[in-house]
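A, B, C and D are the chain letters, set down in written order, and residue numbers restart from 1 in every chain.
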């Protein structure tokens, strides 16, 4: 059995030594170990991939021992390395959803897709091909709040660890974000912070940039301002219309979203100060 | 109606002027025009996207007029800009096939997928989801030649413009290649000419490279030596096993194959001297 | 002798044919030809590299003939392909200036560096190594306007085609920009439009981006809003301080600036609608 | 005072704990820590950046204690973080040498350049600008062995930690390589293992690749087969002659070489199995 140990604590001398000695005491083998110290904040981050046998009881004991060593302000998590559950939200475009489904189909995506929710019907056929429950929740003739309440209701029927916005083209309210804090992953179709908001490809075309990109980030209450998990870019040129940029950009979007999701699923991402540490 | 005019001819003064004057005579509008002169070979290449109305007869007349101007050695093609037909060959991996199917499903891929042929059964379920005929031709207990004859027989039942090898893991015989000369597009999982042959990711891992890549190329009779259409690379590092490289490499493979296929379908690719010109 | 013909005009049927026929009439050979039609604006752009013998008189005649064909609103330029003159403005950092000097030293940079002007003395030793006049104009204790007038005065002593801001860390006034309109090339140390203004690396660090970049652009009166000529990006990660990002970013800055300058010197760049076409 | 602790040893449970406990005993603070386990070889690699005060005696004691813990087969190094000395070998091209000199001039390059040795005179003026001793050793009319003996003689006059081949276009003999084993860093102008040997840009042009690159590696006795430290690539296209590729490729070469050199100078590189681990 494998576990991920995640620690965030105030930096001080001897941390690694103390932590790894304790891990050893519980007869766990360290398969992988990453540490990082943010000197500006004086914070220490550590992720260890552990192997061994821990009953629920000894897991709690290890955690308690570590908190005893590190102090009450330390954040210590011991996470079973098992498949997580996700719910995907989409709108009309099929490339991010489709890419996740193909990865899911081959077993590459290390999670269970519990449901797909959309404010349009267009992705239903695709979702059905892969036997994933599809919930269509029209946003016509109802307020943003009403629509969102229905979406939340649906999500709650499919308990999940993460909500993946696979080109879900609606802005979330603070209520929604708060409800699933730190659990919502979005793909934005620009290299943020450039081109926040609507139709970034058109913005990019109008600005005449020679590079476009995509950004996967956790969602917070500032539009497109959440902690960035992963980004990538490609070159464009004057011969491309904004629709051409969009077409090429989709290839970046889907790959960046999938990479970010995998990093999150492997518990490689720490969030602090609206930034991420990715081990 | 749109047409692509493709010309390859000996370079000389005044070619563009003569050709465009003739095109104008037939009341065609030039929407896009690209030329290139290879000075080493003294060859002139031109691709024009034309708009207008040409009956079959006037198309022939335009072609004849151009050959009259350019000489008998000139290669002149006038191609209707319509959807082409393709047949896809695969083996076990689903990422390239799946990527093409998702693009196909959204209408992004400008062609008809007539059939999917494989030497394994594993991709059948995926193909059926998208209602594409799937032909399983086992290679067990028969010779390479026998197996290929069966494959050719199947292909001939689905007349097509291009054959796409979407991670088809069998080497083609000269007979097969000759039969579909210039019509077979392959994706190789390395930045050719590095790591020709089997398991390039393992080769890359063993060599300790810091970059891996993928190459889409036309197939000729030298293994992995055909004209390259498109390539891309990504960075790797020492923490990655060859399986990790493979997993990341797949994202490059599928995007490079799709880009190359689109370029070919739009008649943007010229082949000469075992190289390509891509307009 | 070689010439670059640059044309911008309203798009209509038959332009290429008419233009190339006229070029042929003057016994010029077309070595390279690029056209682009912006359909949104209905504008036609063309750059031809011509070879032949044109006296000043026949050059004027060719230009007049082309304007006669294309109409008075057409912009037609016939430029001798000779070395241009540039003046470089710098402040303290040596990487962009040093890179240009090393290229200059090997003859790779197709221009004459007439002078280097700076508001600091630190780059003087480097400039002297390469025997380029160095003009130090302190900005201490004088107004922005006074300082700039001195800079302009210096520039005018070294007549030049382009002014290259090689990490010149002062904002130019509208007066300066107007005086050298379309002639000032700047390198900005971010992938614009992200991180406009001061210390973009610190901004990037604080935002937690996973990619940084650099942008070469013509300067206009909006800060960092001029037409973009060239951009590039590199990946960064959480282990990097903003100083680390700056150190790595410099390698992008210097290469992007040199590439942009070469494109401009080869008359490959057209500007319109605050964007560039780069052939 | 800062030190780099480098350890390579057989992997086993509890290594990190034991090592860091010992480091703590010597009152050293761990500023940065990286570990990696190669599961195939069952080898453990660790690099720690330490801060504290160690006299020569206590440094030896720490080393002995660690070897006692890890066994006699362990490789343990404790390296003072001070400026290293390098000698640069070049031939005719100035871009890699020039780039190092500009970095040197600004203090960015964390080493002392003791001398520049070349088989041509062309780089002498450049080297003199930066006041670096330049030793011209003609290879005319003498055997490879004779020439190399002279080069070795010169190098020995300038004791150095690393020899940097900044586009030194001569193949080294096994004698030379053995003499400076693990100390010679070369930049090869292709993305190895593609295009080993002479004129890789011409090879790349002839093969029609869409990507070119550069590789920095330690030199061993197989031509262009040494452990790779760093690589990068850029896109090319059919309009480029091999000379164009060379011109663009130089920008990759110089940046890759400088990055690799910095990694080596910071003691971030481990070599084993003809591969590198780069922390």
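We take it that a contact is a pair of C-beta atoms (placed from the backbone, for glycine too) under 8 Å apart; a residue touches a chain by one contact, two chains touch by 3 or more.
All figures in this text were calculated on a predicted structure; none of them were measured in a lab.
**Q** Which chain has its C-alpha centre farthest away from the C-alpha centre of chain A?
**A** So the farthest one, by centre of C-alpha atoms, is C.
**Q** More C-beta contacts across B-C or across B-D?
**A** Answer to which pair has more contacts is B-D.
**Q** Using CA atom averages as chain centres, what separation in Å is found between chain B and chain C?
**A** 38
**Q** Calculate how many whole Å lie between the centre of chain B and the centre of chain D, each centre taken as the average of the chain's C-alpha atoms.
**A** The computed centroid separation for chain B versus chain D comes out at 41 Å.
**Q** Show the residues in chain C shared as contacts by 2 or more other chains, in ascending order.
**A** none
**Q** Report the residues of chain C in contact with chain A in the complex, numbered from low to high.
**A** 36, 39, 191-195, 207-211, 213, 227-233, 237-239, 241, 273-278
**Q** Along chain C, where are the residues that touch chain D in the complex?
**A** 93-95, 98-99, 101-103, 105-106, 108, 126, 129-130, 247, 251, 255, 258-259
**Q** Chain D touches which residues of chain A in the complex?
**A** Those residues of chain A that touch chain D are 13-14, 16-17, 20-21, 23-24, 29-33, 35, 37, 235.
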